[in-house]
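Shared chain: chain A. Partners: chain B in the first complex, chain C in the second.
Up next, the complex of A and B:
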């Protein structure tokens, strides 16, 4: 059941909410069990077989968690073995469904084998579900989680709002909330929840989908060997970046909003990522719960272990401005590359995702090197001030756009074809009416004679949407900031410096003037005509 | 070693790590209060603290320490045992 479908918005959610609050504080246990039943129904809706696929994973994980809690430190070997087996099981589960074909392809390419590729059914949300389970195992082993009961566990792994595509939430974040959940009606939860939910829907159906419709033809063309002209290629790249942001952040808003309808606060996933002024900053604003997961479970343990080993050998470690090159390469560059390449292929099994991850890895390494070295090598180069900040932003933005070409492209070849178009190598096309005006400029830029962009109205639509999208993502506060006075998401706060005049002017409150926001709801619902699924539901 | 002494050595370690003699830590100091104390610096700092005090932190414990006070508590509980 898609979040952006009539049956979800007008039947499923109202029914779940109605029964949940009807049971209320008097039947608290039943209300919580109802959420589990409703979530199972939600998951089974698409393909009932999904439930059967995911059931063994839930069962095995629960068994391992119980075992870890029972044996804890008294029998370290058994505990370690169970932990390793649990992690291996989850990775194998994910690996079989998601990466089997990729490994066979690599083998066919590199070793010249000829394995046949079978189409496997990818259980919905498997990448996200697997991550949450791994996180729980690690947290239990680390002693951060000390009690897990079957019903709590079932609610944690099945709770429908973050089930399919996150935010990736920790057991220790949800459990204290479930423990005090009483089914009592609170108007604030409902107002904030609905506002988030419908803003998310608006982002998806009013921005992401129309932009996608305009740029998909270019992407379809490069997938079959097309060579897009300059402006088409840029429109495809910029449009896709906006589509991905509106789609995934819209989905995340809807998930956070849906959870809030039951009084549950989820962690936030986006914080105006396209305003980032460096790539480290970007990853602290984009898919935040993934960054957090990767830092916590891959990057930090790796770096800590390596730092300990070097420190024990009395070798230099990372130490601000005095960091040596070897320390930097071993302790920062290497773990960063490993983490980001894994992040890339986590998104999808394909070479282009590997390149996407590697590109971001390199960018992060360069960013870290700059941070460590700039104060020593270029002490006079400032990174504050309007011009410097604009330059930093532009560089970051451009890099993100280029890296996302690999994320969207169906193959490496298609990605390079689009990038080639973006360099102007395939010339420029313009609507007939613009050609006479633009000719001198293009000549000055050294681009060859313009062809014709056949439909002038399409040209205006594409660039109009891109301009509108950029104004929204760069010029406006995000919905969490607007709702900041009402705890929109777990741990979300606006720093005093972030309270701009614009934000103060648009800060949300449950006042009549904000009822105008229901227009967002109406527009969102009316735009539901064409159903398209969320990009991240495929991961 | 009492809490004040431990705090003094933490300050000293951080001064070395950041190569900045002006750094002084208090129990309420958090990473965001000190320029250059990012996640990488934190790892170096923590490993240096481990070495100096002969203790070992779990990754989860490192992530759970939100200010210098948390670290003082953690060191106290580990060295007491």
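Up next, the complex of A and C:
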């Protein structure tokens, strides 16, 4: 069931909320069980077979968790074996459904084998669900989680708001909240939840979907060998960047808002990422729960293990400005590349996702090197001040847009075709009315004589939406900042320095005037007719 | 005995209570506002009824003209059809949609009321589906299907599965779901709101699209473009498009030499369905301006064109016998060779065509007169006995037409 569907918004959520609060404090256990039943219904709605596919995985993981809790430190070998088996099972499960065809393709391409590629049914939300289960196994093994009951486990895995596409949540974040949930209605939770949910819906149906409709023809054309002209290619790349942001951050807002209707706070996933002034900053603002998962479970363990090994061998380790090149390469660059390549292929099974991850890995390595070496090699080059910050932002933004081309393209060839268009190699097309005005400028820039962008109104729409989207993402506070006084998400705080005059002017409060958001709600609801799924539901 | 009260705790308690009250009020105001706004939008859309889904009365000066049906033709016709319960049907693409009026005096009495279920850009398989769904609603006595010859000239996809068996009785649940979805789209949607505003704003204008209760799309849209740009430019633009399209078709055929004629299965299915249901079926090859034939000829597709007509004739005779008639209105005649005003002459007009592919309702009347009133002014019935001589005559006419006129697409008309 899509979050942006009539059945979810007008039937499912009202029904789940009504029954949950009707059971209330007097039947707290039943209310929590009701959430599990409703979540199973939600998961099965799309394809009931999904439940059968995912159920064995949930069962095996629960069994491993119970075993890990029972054997504890007294039987380390059994504990380690159970842990490794659990992780291997999850990776095999994910690998079979998501990467089987990719590995067979690689084998066919590289080893000249001829494996047949079968269409597999990908269980909905498999990547997110698997990550959460792996995280729980690691937390149990590390002693961060000491007690797991079956109903709690089912709630953790199935709770519907973050089930399909996150935010990726830890057991230790969710369970303490469920432990104190009393089924009592709290108006503030509801007010914040509604505001978040419908702002997210607005982002999805009023921004992401119309932008997608305008740029999809260009992406479809490059997928079948088209060569877009300069402005078409840039519109497709910039438009997709905005579509992805509005779509996924909108989805995350809706998930956080839906959970809040039950008094549960989820971790935040986006914090104005397109305002980032370097790529490290970008990843601390974009898909934040994925970043912290990758950092906590892949990057940090690798770095710690490698550092310990080098320290034992009395080799230099990372030490600020005095870090040696070898230490940097082994302890920072290598783990970063591994982590980001894995992040890339986590998003999808294809060469283009691998390139996407590798590009971000290289960018992060360069960013780390810059941070370590700049003060020593170029002490006079500053990164503060308006001009420097604008330059840093522009560089970061440009890189992110280019990398997203690989993320969106259906193949590497399609990605390169679009990038070629972005360089101007395929010429420029403009609406007839603009050609006389722009031709001299384009000639001066060394670009081919402009061709005709056939529909002038389409040109205006595409670039109008892109301009409007950029104004919103770059010029406005995000919805979590606007709601910051009311703990919109787990751990979200606005630093005092971040409380700009604009933010103070638009800070939310449960005043009747803010109920003007009902206009946003109605606009979102009225746009539901153009049904489209969320991009991250495919990952 | 007195109890000491912590003032800070009291203040905290009061603040919490105030926040709760404010939040509760916020929720109530929000809910009331959403309900009010949503109801108002839904009611406005339902009354204006831009897509003809709710069936609200058409009030002159308010919502009588329905310009938005031009982009939602299929949706609007589904509901017009259900309300009219016609005995006769016109099927086809935009040519049928705009060109044939089943309310005409030339439409047969035994098929009244007639309904035009032509929908832009659909092929024969979709028209067949429409017919399947239509006969569930009530008895249909006659159907006239306008066919586009270029659809048959395309290479049939050898890998495509054969046509699905007729789903003659769509489930009640599916129908209900579709109806709810249409109703939501037509009332509680931003698109509908925009369409309603545009509908109200368009009243009193004659240069906009409208849809009659008999399902005929008005010629207002074409009238507006021809007044703005002139017939010469409309022909020039369509000629350029046709040249590209025919070049693409020629390339597709070169890639698959000997590919069978397209959509013949759908024709056979339609004939069987009509025979089983006792529906009198007429198929008519839609007329086009000579520029259209010129585009076919210049792309080297004349043999394919002849083959398509011939195979259609043979198939229909084999499957339908005398009960199903095939008519040919596409060729060189006094209508299709009507001179086109030059691009510079925006005021110049034409009687029979809007552009090379779309004929006017005036010519549609001639089609109906030929098929149902025994007229012999325009078009001819194709039968296996005469198809060879007919095609030969057409080829000769092509030669003599080319000898006396410079084709438009490449001239400075």
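As a working rule, the second predicted complex is superposed on the first by the 539 of 539 C-alpha atoms of A that agree within 3 Å, B and C clash if a C-alpha of one lies under 4 Å from a C-alpha of the other, contacts with A are read in each partner's own complex, and residues count from 1 in each chain.
Basically, contacts are C-beta pairs under 8 Å (C-beta built on N, C-alpha and C of every residue); 3 or more make two chains touch, one makes a residue touch a chain.
Just so it is clear, the structure is predicted and the values come from calculations on it, not from any experiment.
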{"item": "Touched partner set for A:220, first chain B, second chain C, both or neither", "value": "neither"}
{"item": "Partner chain in contact with A:307 - chain B first, chain C second, else both or neither", "value": "first"}
{"item": "Partner chain(s) touched by A:22 [first = chain B, second = chain C, both, neither]", "value": "neither"}
{"item": "Partner chain(s) touched by A:52 [first = chain B, second = chain C, both, neither]", "value": "neither"}
{"item": "Touched partner set for A:368, first chain B, second chain C, both or neither", "value": "first"}
{"item": "First, second, both or neither for A:88, with chain B first and chain C second", "value": "neither"}
{"item": "Partner chain in contact with A:527 - chain B first, chain C second, else both or neither", "value": "second"}
{"item": "First, second, both or neither for A:296, with chain B first and chain C second", "value": "first"}
{"item": "Contacts of A:321 with chain B and chain C, given as first, second, both or neither", "value": "first"}
{"item": "Chain B-facing residues of chain A, complex", "value": "138-139, 142-144, 295-296, 300-301, 303-304, 307-308, 311-312, 317-322, 331-332, 368, 371"}
{"item": "Residues of chain B defined as touching chain A within the complex", "value": "16-20, 36, 38-41, 43-44, 46-48, 50-51, 58-64"}
{"item": "Touch list for chain C against partner chain A, complex", "value": "19-27, 29-30, 33-34, 37-38, 41, 184-185, 188-193"}
{"item": "Of chain A, residues touching chain C in the complex", "value": "6, 186-188, 190-191, 194, 509-512, 514-519, 521-523, 525-530"}
